[in-house]
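Below, subunit A partners subunit B and then partners subunit C, in two separate complexes.
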Partner chain A sequence: MPADTLARPAASPPGAAAGHRLPSWFSTAALLLPTYGWLLIAIFLPLCTMLAFSFMNATPMGRAPVVFTLKHYKAFVTQPYLVGIAWDSLVIGFWTTFLCAVLGFFAALALARATAGRARETLLILILLPFWTNGLVRVFSWTMVLREGGFLDVLLHSVWPGAGSIGFLYTRPAIVLGLVHGYLPYMILTCYIALVTIDDAIIEAAQSLGARWWTILTRVLLPMALPGLTTGAILTFVPVIGSFMEPRILGGRVGVTMGTVIEDQFTQAFNWPLGAALSFTMLAVILAIFATFSGVLRRSTGGMA
Partner chain B sequence: MTNVDITSVAKTYGQTPVLADITTHFAEGSFTSLLGPSGSGKTTLLRIVAGFITPDSGKVAIGGADVTDTPVYARNIGMVFQSYALFPHMTVAQNVAFGLARRGIRGAEARKLVDRALEMVRLPGFGERRPKQLSGGQQQRVALARAVVIQPSVLLLDEPLSALDRRLRQEMQVELKRIQRETGLTTIFVTHDQEEALALSDKVAILDRGRIVQMGPPAEVYEQPKTRFAAEFLGDTNFLKGTVVDGALRLSDGTLIRTGAPLPATGAAAMVAVRPEKMRIDAAGKAGDGAENRLSARIDHVIYAGPALTYALTASDSTALKIFAQNSTGAIHAEGSDVSLVWQPAHTIPMEDAA
Partner chain C sequence: MTALARFYLLAILVFLYLPIVVMMAMGFNESALYELPFRFSTRWYEALSGNGQLISAGVNSVVIALITAVIATLAGTMAAVALDRHAVRGRTLLQLLLLPPIAIPWLITGTAMLVFFFWTGIGRGMHALLIGHVALAIPYVVLVVGTGLKTIRSDLEEAAVSLGSTPLHAFFAVTLPLLAPSILGAALFAFAVSLDQFVISYFLSTPGFATLPVQIYSAIRKGFTPEINAISTILLLGSMSVIVVFAIFARPGGSRDKR
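This part shows the complex of A and B:
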């Protein structure tokens, strides 16, 4: 038998190849399985567990009898202060995403269009630096800068000795500042990838047709980089809504966001079902926002004159 | 519809001169090809006219107005790129209307002009499609419509047909010539394809290392090349070297070759060029009327290509020669046979750069 199968390929390669080749769906499945298997075990199952918890009066690990309930989903009604916190979180999310988009787009534009070769590589690595530093270190170093009498004040007083303090630690702008610092690289990278693929000739064509820089920016570069901007916005907005480290450290007393409230439910109050219910509610809100925005974006790009 | 004047334009990148003191004139409504190998500066010259590159010195004038310091967007040029460079996020109609909107033409008037432009490039009804849905040839037609619809002062074509396959390229050559005639636009066309340049243009400019070595109508540049480079770059050429004796060229084996145009003074080294299709094989070796040039040679190879034959020969002064012959009689000269080559003195062109 082995001799037979070995001899056959030499005699008739097409037939033998068909016999040995795996069906294409098999290799696709084999390549995808590790990722999807990992996602299933590491993300999907815990998420399902959390979803189940959110409908219980208590976690099944305790001694109390477990009863099905929807009361955690009524938290926004029974505890109205949560609505305010959720709103604050969304506002912080919008500001962070907006600032990241503006700064990130122009930084990416400069990288993609004005630099080349080694300079570009170095600048890209510098952008990735925040990723290399520990998040906690990154956030705490901002407290040194922003606190009263911090580096920011020292800098100001060296120029204008009589001035008061401009330190704004424990305010909402401080939270946004810390979040922008942390999430800007995502936005720069997604915009950079979108912008670097734009052929120089397309910009030159626009110039030759009479377009100035403003027209090129709004009519050519922005629409063409929109997929990158959208991806960057999602990569920024979603984690920012759930963030709790930056609000807690840089926001102090004003730093109460959905992220910190949810974290408290798991680490302080040990009310996992409420924490889970709040998480899923915020997820629903975020998905609703994206659904609205994607519809608006599609219409605006499709119907552009 | 305006002329373009280039005066003493030079451009250097680092230590490398790309263009060296170019002065030339593109007449109103003319179709001029800039022809040369890569690195000859032809694209740089086109981009200086467009305004993408500022020359180190010299002046560029479009329609008599000095535009050397005018930015690209204010020059009113139409440009077509090798990569088409259509805006991928816009429809065909939006692409064509882009330049019109920059000139304040919008709405019904713009739509009318866009429709007319798309009709001119034979793509009526394609307005709502996206560039991605079109073939390469169709995309380049849209790019052409987009460049022409704004009624530019000058149409600049940067190897627009190089990305197309051979059959499509020939089709587009015809279209390009037709559209240029219809619009009457002064056109500058950069190409490295010599046949394309000869077939399309009123004038051909041959560039070599940043200089225009020869410029003129295609037939003149082909029939009367001035330098070895021009003769070699445009078509195939046989070169014969020798010394000048009494107004004729004496080859090393003593054969005298007469020329149409005057040669340098007696005793000087000189070189002449003869196109392969101008030479005729005279196998019988019978004496001619004496008015024609004669050179004995041996046939090394024959390449049979159906309607045409190519002979590779070695002349009596051991120069390698090439001859194109029409297969009109069906009689093919045998390899290894000794023959006489006959041609007119008028087709013997002295080279200015005697090597």
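This part shows the complex of A and C:
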């Protein structure tokens, strides 16, 4: 949110309000209470409870006496296979973010430089529309394309009838493909917001001074799109490393990520304290990423306002 | 260069829509094993009408989305008004507190809700899902209505007050009508957020009470038939039309045009 709201004076002049209404702090509190009360019960207390659980040796609903322990946070040491899974999750996250950034930057560039008016508005809505449809259904739809004998194979066989199957469902690239499909609209939007503000005159000036397209791209467009790219990258990377249904549906047996491991702790293994500790480790990584890029983020939201 | 750019945009659109179109088409294919050649049939849509589990899950989804939209819009609009028009101490902190429901992966929020609701005895089921969905939708409502409020000049309301109106009456008579498009947009947004929510619902539903996405997920994992394509198509078209209506009502600058 832009910081300028801070500087805004209170709406009603103090003289007008004082006479005939409840103390202003009371009405303000009454207006804020439903929202923040709800968030307290549904978000903040649950997160605090889970944090407490992550330090317990067992779920307190069970029979075993509850003792404080750090053992779940040492899981990466005591259960080394988790390190490999965490690494795989990060690799999937990086590939997804990288592909989204490359595809999204050029799509935003094309939108900002080669379209205008109604056509641009329609294209933007068309690009963003899938983002607000059910992610699960979109992931499911990729199984129709990627499976053996699916749409991809049908396409291949129509040009090369004797060919084998190129369907790659239940592989890691399938997971990345499904995730890129899910988060690309976000990246296009954030890059577009950054690029659309670029003045034509800047590019014309660079051209008239003899800059080639490559120089314009790397010295003018990319630096100016950087805030948008960073915002988009964070908005992609964070949910991707917490994803579990995409790896399950598109990855099958190879789709084991931190997301699926955490989900298992809550739905299959019923080791809630371990699941909680893994969740908070993941949250710490995410917060570290936010903190690292918060400067860039602040500049980018400042640019958007 | 322009031609290349347009071709690239077209390719991106094909990438975004191709799997969805293929999925929808297969819902109209006769074969239960998704075999080609394509033979048009509506048998999977007919089969849906006899699938009580999917129908009741669909009804659950719509009911929850409606209630979520009402509660989230009321609470969120109140908070947006307070944050924009009142002198609030700690405004920055309050605005930051709206971010966790959006920024923390739903896997973590969802499991945290599961743990807390189980521990406190709130349990799982419809009421638990409602608590979760409303919490996820409120921040979006505050953001959408807050943006709308910024385009409405507060001195209109002040003028009404100085002409003898009570602040409350001035708000309802002056600001609220101007704000109506934003509020309606926010309500549609909240409805769509709830309708498409899967992760939170997955952790909070019970064997007896599930929403459509949860039911679809378990069907996908257990082995599915084109019936899933049919119900998915209906769900996609439903949320797409909600968002298109939203785009028309709350287009950036839409409320400004009406001023």
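Definition applied: the second predicted complex is superposed on the first by the 238 of 305 C-alpha atoms of A that agree within 3 Å, B and C clash if a C-alpha of one lies under 4 Å from a C-alpha of the other, contacts with A are read in each partner's own complex, and residues count from 1 in each chain.
One rule holds for everything that comes next: a residue touches a chain if its C-beta (ideal position, glycine included) is under 8 Å from a C-beta of that chain, and two chains touch if they have at least 3 such contacts.
Values in this document were obtained by computation on a predicted structure and should not be read as measured data.
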Contacts for A:L126 in the overlay, against subunit B (first) and subunit C (second): which applies, first, second, both or neither? second
Go through the superposed model and pick first if A:V159 touches only subunit B, second if only subunit C, both, or neither. neither
Residue contacts with subunit A in the superposition, subunit B compared against subunit C: C
So, does A:V67 touch the first partner subunit B, the second partner subunit C, both, or neither? neither
Is A:Q207 touching anything from subunit B or subunit C once the two structures are fitted on A? First, second, both or neither. first
In subunit A, both subunit B and subunit C touch residues none
Of subunit B, residues touching subunit A in the complex: 50, 52, 71-79, 81-83, 85-90, 94, 97-99, 102-103, 143, 146-147, 150, 156
Touch list for subunit A against partner subunit B, complex: 199, 201-202, 204-212, 215, 219-220, 223-224, 226, 301, 304-305
In the complex formed with subunit A, which residues of subunit C make contact? 1-2, 5-6, 8-9, 12-13, 15-20, 22-23, 26, 34-36, 74-76, 78-79, 81-88, 91-92, 94-95, 97-98, 100-101, 103-109, 111-119, 131-132, 134-135, 138, 142-143, 146, 150, 154, 157-158, 161-162, 166-168, 192, 195-196, 198-199, 202-203, 213, 216-217, 220-221, 228-229, 232, 235-236, 239-240, 243-244, 247
For the complex, which residues does subunit A have touching subunit C? 1, 3, 5-6, 9-13, 16-17, 20-21, 24, 27-28, 31-32, 34-36, 38-39, 41-47, 49-50, 53, 60-61, 103, 106-107, 109-111, 113-115, 123, 125-127, 129-130, 132-138, 140-145, 149-151, 154, 181, 184-185, 188, 238-239, 241-245, 248-249, 259, 262-263, 266-267, 272, 275-276, 279, 282-283, 286, 290
